[in-house]
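Next, two complexes with subunit A in common: one pairs it with subunit B, the other with subunit C.
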Partner chain A sequence: MQLAEIAQALGLTARSGEQHLSREVTGGCVSDLLSYAMANAHAGDVWVTIQVHPNIVGVAELLDLTAVIVAGGQEPEKATLDKAKEQGIAILTSRETAFTLAGRLYELGVR
Partner chain B sequence: MPSWRADLHVHTVLSACADTEMTPPLLIARCRDLGLGLVGVADHNSAGNSAATLEAAANSGVAVKPGLEVETRESVHLLCLFDEAQQALDMQALVYAHLPPLPPTSGSRFFGEQFLVDASGSFLGHEHHPLFMATDLSVSEVADAAHERGALVLGAHADRRAHGLLAVLGFVPPDLTLDGLECGPGGLMAGRVASSDAHRLNEIGSRYTVFDSESATVEHLRACLCAGRFRTGLAV
Partner chain C sequence: MTLRSFSHSYPVLGGAYYLAGRAASDAKRRLGEQEAPAEFARRIAIATYEAEMNICIHAISGEVVIVMEGERVDVVANDRGPGIADIGLALTPGYSTASEKARTMGFGAGLGFANMQRCADRFQVSSQVGIGTRVEMTFLPRPEENPGGAAPCS
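On to the complex of A and B.
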């Protein structure tokens, strides 16, 4: 499933890396410990987190994630969005909780 | 050059998770008995008992660095140690302004009591700010604000899974200015400061760092950290 379809179905707001909207999402990870995400997320995943620190861009870049979904209405730091735009990393935001987003992603077939 | 055997991270009765025996006179007596020449007093998000601890340490031969262990928005703990109690209290004012409003959980038995005490350890009052919660300041905002007020800033128990910088943020952010990292509750790590994070008297000094320094000012301690003029140890 393409990131754009997921973004539409879940009402996500793309904040950076719009060029990745046509990319396939092949799995998912939910964690607010960046060390856990680094160890357990895979290339092609969407990563759902409430962390907004610029390091989330580093994790996404390192693992070649399709996107980071910032949950719970958290606002990414300006430095995070600047770095994401510079490095072409997709960050999308949502007012939904990580719990709800994970459930809806699973329903959409992201497993 | 003099050596300073230091435990830079000790809590008092102001931290709800600390034992009620962690009063200024008892913790200073314990430091003196252990031969510690320097102790950092840092409660969660507060420096409320640091002036009392400085007073309790007068003529004891134990130098006290007043400070706070600030919890950032990301859930990272940063140890901020100062030369003067007033600097720590200035930092505390900023931290208090960035803590969430008092939640209904405060005062619950789960979170415990937050005691303000004087230099003799006598009860002065309860601290009502929710010190066990995170501020809404980022790691950089906390580190920069503490540095502006004259602090030595260390990533507290940086390798610990709960509230450790490395676990929470995955790696040290490239643009974050820290003076060092403190290693966690387990062993020692090369290049990292070791301290006890004591919440009980018998934990004080269990991990320590010896600084080879002219004095125990923030400036001199920072120079030691930069030059590697320190070594760590585990007390048996």
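On to the complex of A and C.
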């Protein structure tokens, strides 16, 4: 499933990496612990987190994640968005909780 | 896969969270350019990132040295910091002495060494309390990691 379809279905706001909305999403991971995401997220995944600092971009880049979805209405730091734009990493935001987002992603077939 | 000979030292500053991760990112890029197996590159990127973050979280300063040669990659993280009194305890998954700030950022969950051990083919920690810590890791392609690279000529 394309990231753009997910963004539309879940009402996500693209904050960086809009040029990558056509990329495929092949799985997902939910965690606010970076080491847990490092161990369990894989290339092509979306990562749902409430972390907003620039290291989330580093993790997404290292793992070739399709996107980071920042949940719970959290606002990514400016440095995070700057780094994400520089490195071409898609960051999307949502007012929904990580729990709700994970459930809806699963319903959409991301599993 | 035969990696071009490469050796570089990346400085890491304690507390500079936003700057850490350069060694891992550079290693991943170099391995990708040389079409190293994806899972091999992933293991090196994860373990190197964790080593960098450990220096950032716990030490005053340090460096991560990456050496690539043939099929082998060595990563050594050396720091000047508090050291580790009980290495066995420090290697216990879930154990951490990270600051509240590091934990709030989602670091310091006591998973870093576990990730490094899982990813590396050889892993060794040595430390002197009050002086610093040294983590040495070696990575070799595993049998299940099919080499990438160009398809053979037909």
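The criterion applied here is as follows: the second predicted complex is superposed on the first by the 111 of 111 C-alpha atoms of A that agree within 3 Å, B and C clash if a C-alpha of one lies under 4 Å from a C-alpha of the other, contacts with A are read in each partner's own complex, and residues count from 1 in each chain.
Basically, contacts are C-beta pairs under 8 Å (C-beta built on N, C-alpha and C of every residue); 3 or more make two chains touch, one makes a residue touch a chain.
Computed from a predicted structure; not experimentally measured.
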Superposition on subunit A - do subunit B and subunit C clash or fit: clash
Partner chain(s) touched by A:A4 [first = subunit B, second = subunit C, both, neither]: neither
Contact breadth on subunit A, by residue count: subunit C or subunit B: C
Which of subunit B and subunit C A:L63 touches, first, second, both or neither: second
First, second, both or neither for A:V110, with subunit B first and subunit C second: neither
Contacts of A:P54 with subunit B and subunit C, given as first, second, both or neither: both
Partner chain(s) touched by A:L34 [first = subunit B, second = subunit C, both, neither]: both
Which superposed partner A:A43 touches (first subunit B, second subunit C, both, neither): second
Contacts of A:A14 with subunit B and subunit C, given as first, second, both or neither: neither
Identified clashing stretch of subunit C versus subunit B [9-17, 117-125 or 135-143]: 9-17
Common interface positions of subunit A, toward subunit B and toward subunit C: 32-36, 38, 51, 53-55, 58-59, 79
Sites on subunit A touched by subunit C in the complex: 31-36, 38-39, 43, 49, 51, 53-55, 58-59, 61-63, 79
Subunit C to subunit A touching residues, read off their complex: 17-18, 20-21, 24-25, 28, 38, 42, 45-46, 49-50, 53, 105-107, 109, 111-112, 114-115, 118
Interface residues, subunit A side, partner subunit B - complex: 32-38, 51-55, 58-59, 77, 79
Residue numbers on subunit B that touch subunit A, as the complex places them: 73-75, 138-139, 161, 166-171, 173, 175
